[in-house]
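Input: one structure, supplied below.
Letters A, B, C and D mark the chains as written, and numbering starts fresh at 1 in each.
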Amino acid sequence: MGEKNMAGGLRLERVTQKIVKVEAQGPGAATLFFESAIDVRPGQFLMVTDYEGGERPISVSWADGELLAITVKNMGPFSGRLCAKKPGDFLSLRGPFGTPFTPVPGHALLVGGGCGIAPLHLLARELVSRGGAVTVVNGARVSADLILGGWFRGLGLDYRETSEDAGERLTSVALAERILSKEKIACVYAAGPELMMDALRKILKNLPYQFSFERYMKCGVGICGSCACDPTGIRICVEGPVLCREQVEKLTDFGVYKRDATGARIHFRRQPAT
Amino acid sequence: MVSLRTRFLGRELSSPLVLPAGILGMSYGSLRFACDAGFGLVTSKSLSLEPRRGHEGPIVARFGGGIINSLGLCNPGIAAGLKEVDEFSAVSGSPVMVSVFAVNRGDFEELVRRACDSSAAFIELNLSCPNVMDEFGIPLAASKELVADIVEGAKKASRLPVIAKLSPNALELPAIARAAQEAGADALSLINTLGPGLLIDTAVRRPILAPCFGGISGPAVFPLALKLVYECTGRVSIPVIGMGGVSTGDEAVQMFMAGASLVGVGTAVWLSGAGVVAEIAKGIWEYLEREGFSSVMNLPKLERGNG
Amino acid sequence: MVSLRTRFLGRELSSPLVLPAGILGMSYGSLRFACDAGFGLVTSKSLSLEPRRGHEGPIVARFGGGIINSLGLCNPGIAAGLKEVDEFSAVSGSPVMVSVFAVNRGDFEELVRRACDSSAAFIELNLSCPNVMDEFGIPLAASKELVADIVEGAKKASRLPVIAKLSPNALELPAIARAAQEAGADALSLINTLGPGLLIDTAVRRPILAPCFGGISGPAVFPLALKLVYECTGRVSIPVIGMGGVSTGDEAVQMFMAGASLVGVGTAVWLSGAGVVAEIAKGIWEYLEREGFSSVMNLPKLERGNG
Amino acid sequence: MGEKNMAGGLRLERVTQKIVKVEAQGPGAATLFFESAIDVRPGQFLMVTDYEGGERPISVSWADGELLAITVKNMGPFSGRLCAKKPGDFLSLRGPFGTPFTPVPGHALLVGGGCGIAPLHLLARELVSRGGAVTVVNGARVSADLILGGWFRGLGLDYRETSEDAGERLTSVALAERILSKEKIACVYAAGPELMMDALRKILKNLPYQFSFERYMKCGVGICGSCACDPTGIRICVEGPVLCREQVEKLTDFGVYKRDATGARIHFRRQPAT
């Protein structure tokens, strides 16, 4: 079922394979490893299902040509089931899909909120291997939800954690702002809740940035329209999930609303009565 | 001068390529995306009276001839859906076809009435989605009588042209097409997805699609679609939007020769990317230029035997 | 010990892969060729009372999902055809299924009687060729009553097991399958080619096939065939030969899981060469080995919902 | 509609194109040229139709990467129509199909009967370009039916013509026998009526040979079974049209019978009453 993607790398329409290793990430998240040589760029995602109800886009957190991993946070029935998987259980994967982060020379600042930190690990590995300076901000509401810290520490980069109950006790955006005031950052790479990214963009002035978006997806391949953003219909599954500053600035829905399975708008903040 | 501009039911279109219902079309952004990709007429998702979440995933799977899918008619409902259409029309001069979906004449009439209060240019009656049969039984489009009844009701309720979208899963499709015309349909859309079909994941011995079956589309259905368009245009005098597996300019030209007035392109947007719309348009244009025709409206139709 | 040997209607077969009617099978040499390629059961061309030249070419055309073809049931007639079968049986221990084709019960009975005097192991009634509709109207297999009538007659005339080959072009195929079983059919072959379909040569604006339309086969029809096999095996207790677009071992395994007892491979012989038969067999064998099954007879079937 | 064939050369599923040049070959044959870069090996054929009734396998007589030609003898309604085509008329071609001749080092003897000489021209060009000695026998019943003589003479090889009314006035087989008695031939390549090849094989003793067969074909791609030979079902359109000595020796129908459109056996010679 393999085929070549446009970059010439191996792409899998669908592969159903056994989980070979599970690493718990604190109480509410897990990393699931597979034996897979598929060629994933940092930021790209897989459509994942266990055939028990639902299929979701999940970013790849590890890919070294032999092992591939996804990191999942328990946020509901689907991700809860995934977090409870054991080695030997099957998952069905297709992809990788979507646009990757594009490494920019110079000091990189990576800002991850919650599970958004997962794709940033793959990016951090690549940036480090290219020899650039890398600072990572890993934020969560409570420290128990901070994940993948060990992986980042192992990369020998400038790694900071923050949560309401530990570390710098700042929001990840506030911590990023403090770093930006001291360091000459060439590009900011962020992944996490959309409101976090919305807050982040407001402090970035003229800095280049690349944000990875999470929106509801049904097909993952650009035809169902579920993840199309307003006003130009850019599809998070094809033109995204990673959008650069020029693309983000054109969005009218960013930080305002997303869409649910019906296509109805779900506002991030309560709307004033009209 | 060669041009892709064409006329359809009294409207001028910038291209004879149509975004079919169900592909993109969920929001004003996705309508605009389709428009920017080169479609001359864009269709909304099939709108029902109430919002529908559609099926849980997986809802699409590939195979050697294309894809099967079972989105399950997810849509935000007629009220929110028409707002998206109006928002699109506020920034675009491109006409929109509003697709509506119900299971009885009364609801279709209600949907049509509401669509007539929007900026829609045309209304398409989705009589043929194969993915909700468990819910609704055999597609309406399999019955001449039901098709005629619903089209008649929709026409009475509508100030706009009404297009009936029919199913390939009926041996007597040409007769059903004829019945739709006699009931007043202004045009037909042929064909909706085939089947549905099934694909199994042998590693876990489960159907790949969560809803088990999914409508078949893509290159697989092209020769069937072409034949049905050819047969039906031999039986009706109203225009036909031909769709089903068209992925190249040459296949679009085949559709025109088989009798289609416009050509829909759906699954190719996945299999070849959104750029395929411009590619197909370019292929049609080059054919017209090379063969000395000024417009798809002048393309000669395939000769008909005594069939 | 994993083995591809299997049993079908009381006969031991060396492989569950079947050469369907219409592919090769015209002469004793071509039956032997198919046998040497790895088929466990080979089917003759559909034999009629009188020889038929079939259609003038072109009779095949490729498209993105497979091929369309309209051979037009060319065959040397029942007398010469059975001589080829007997000549094959004289040098091979492999069983042959003799396919017969007529347009009424009486002729089918006559063909069956004559086939019973040959070395045939099974008789297949071709009720579903879509390529001779101009000649013979809608395929017999579209009518429950006609199918039941012909199967009943054939069974009375036959000392051999009778297999009914049905058409995918009927919304009520499961009901027709059920009717065939109730009329006495020992097994079913599902599915014959789809459609037919049409392809146009835009350079000359003519249909590519001389007979205009041709039955659709190849990867295009696989999900439809799989779904119909799954549905029909839920309605009948007799074995089903599943066919339609199978090109890989995994697809063959899907067919078994959908309920098929044997699996036919036809168009893949063109698209991937005769070596595809051994490739598919290898794929099935590897699946059995990996998953710990000794035979395709032990493969678990897909679970059935409340459908 | 192009795709790569197994050898990596361009193969056309179907191309409908204009004839750019017609060369009459005496009163009853014609060579039709197309602009085509398809990669044809000597002995391979195209399935050809004008959409006016019938599609037939026709060997390629010329292919230089820019022009491609087929040479057709008027033998009935189909080939008669083809011979009457004019530049600008369309033909639809698919292929090339089938096995080519395999050049063997040493002195080559090519024996063509009637239109069978056409594929041998492509072979002769290749053999000459490889630098081997080449003798060609071109035979026909009457000299007016001898075709492509000019092409062969232009190749600078040992070219002989024979017919009942001109040249050596021998059958092509008798002329071949005379050549074989004088020259040390490494391999005999023949194409023509099956009875000519049957007579030829009887005089070849232990010499290697390759014969190109003409049988009734419907599909050209190995599925209809029309051109399958007895007893092993070897398909002239896939395993042929060129068969080597080892393959020919296994045939039980060679020179005995062929099959018509119904699949019925057509005996080359009257059968004794049984």
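What we mean here is this: contacts are C-beta pairs under 8 Å (C-beta built on N, C-alpha and C of every residue); 3 or more make two chains touch, one makes a residue touch a chain.
Worth saying up front: this structure is predicted, and the values here are computed from it rather than measured.
Separating the centre of subunit A from that of subunit B, both taken as means of CA atoms, is a distance of 35 Å.
A straight line joining the Cα centres of subunit B and subunit C is 33 Å long.
Distance between subunit A and subunit D, defined via averaged C-alpha coordinates, is recorded as 64 Å.
Counting partner chains per residue, subunit C shows two or more touched chains at residues 206. Of all residues in subunit D, none touches two or more other chains. A linear topology is adopted by the chain contact network, the touching chains following one after another without closure. The full set of touching chain pairs reads A-B, B-C, C-D.
Touching subunit B in their complex are the following residues of subunit A: 13-14, 16-17, 47, 49, 51, 53-56, 90, 92, 218-226, 228-235, 238, 253, 259-265.
Those residues of subunit C whose C-beta lies close enough to touch subunit D in the complex are 23-34, 36, 45, 51-54, 56-62, 69, 71, 74-77, 80-81, 84, 91, 201, 203-204, 206, 208, 210, 266-267, 269-270, 273-274.
Every residue of subunit B that touches subunit C in the complex is listed here, in rising order: 63-66, 68, 134, 138, 142, 169-171, 194-200, 202, 205-207, 212-214, 216, 218-224, 226-227, 230, 245, 247, 250, 253-254, 257-258, 287, 300, 302-303, 305, 307.
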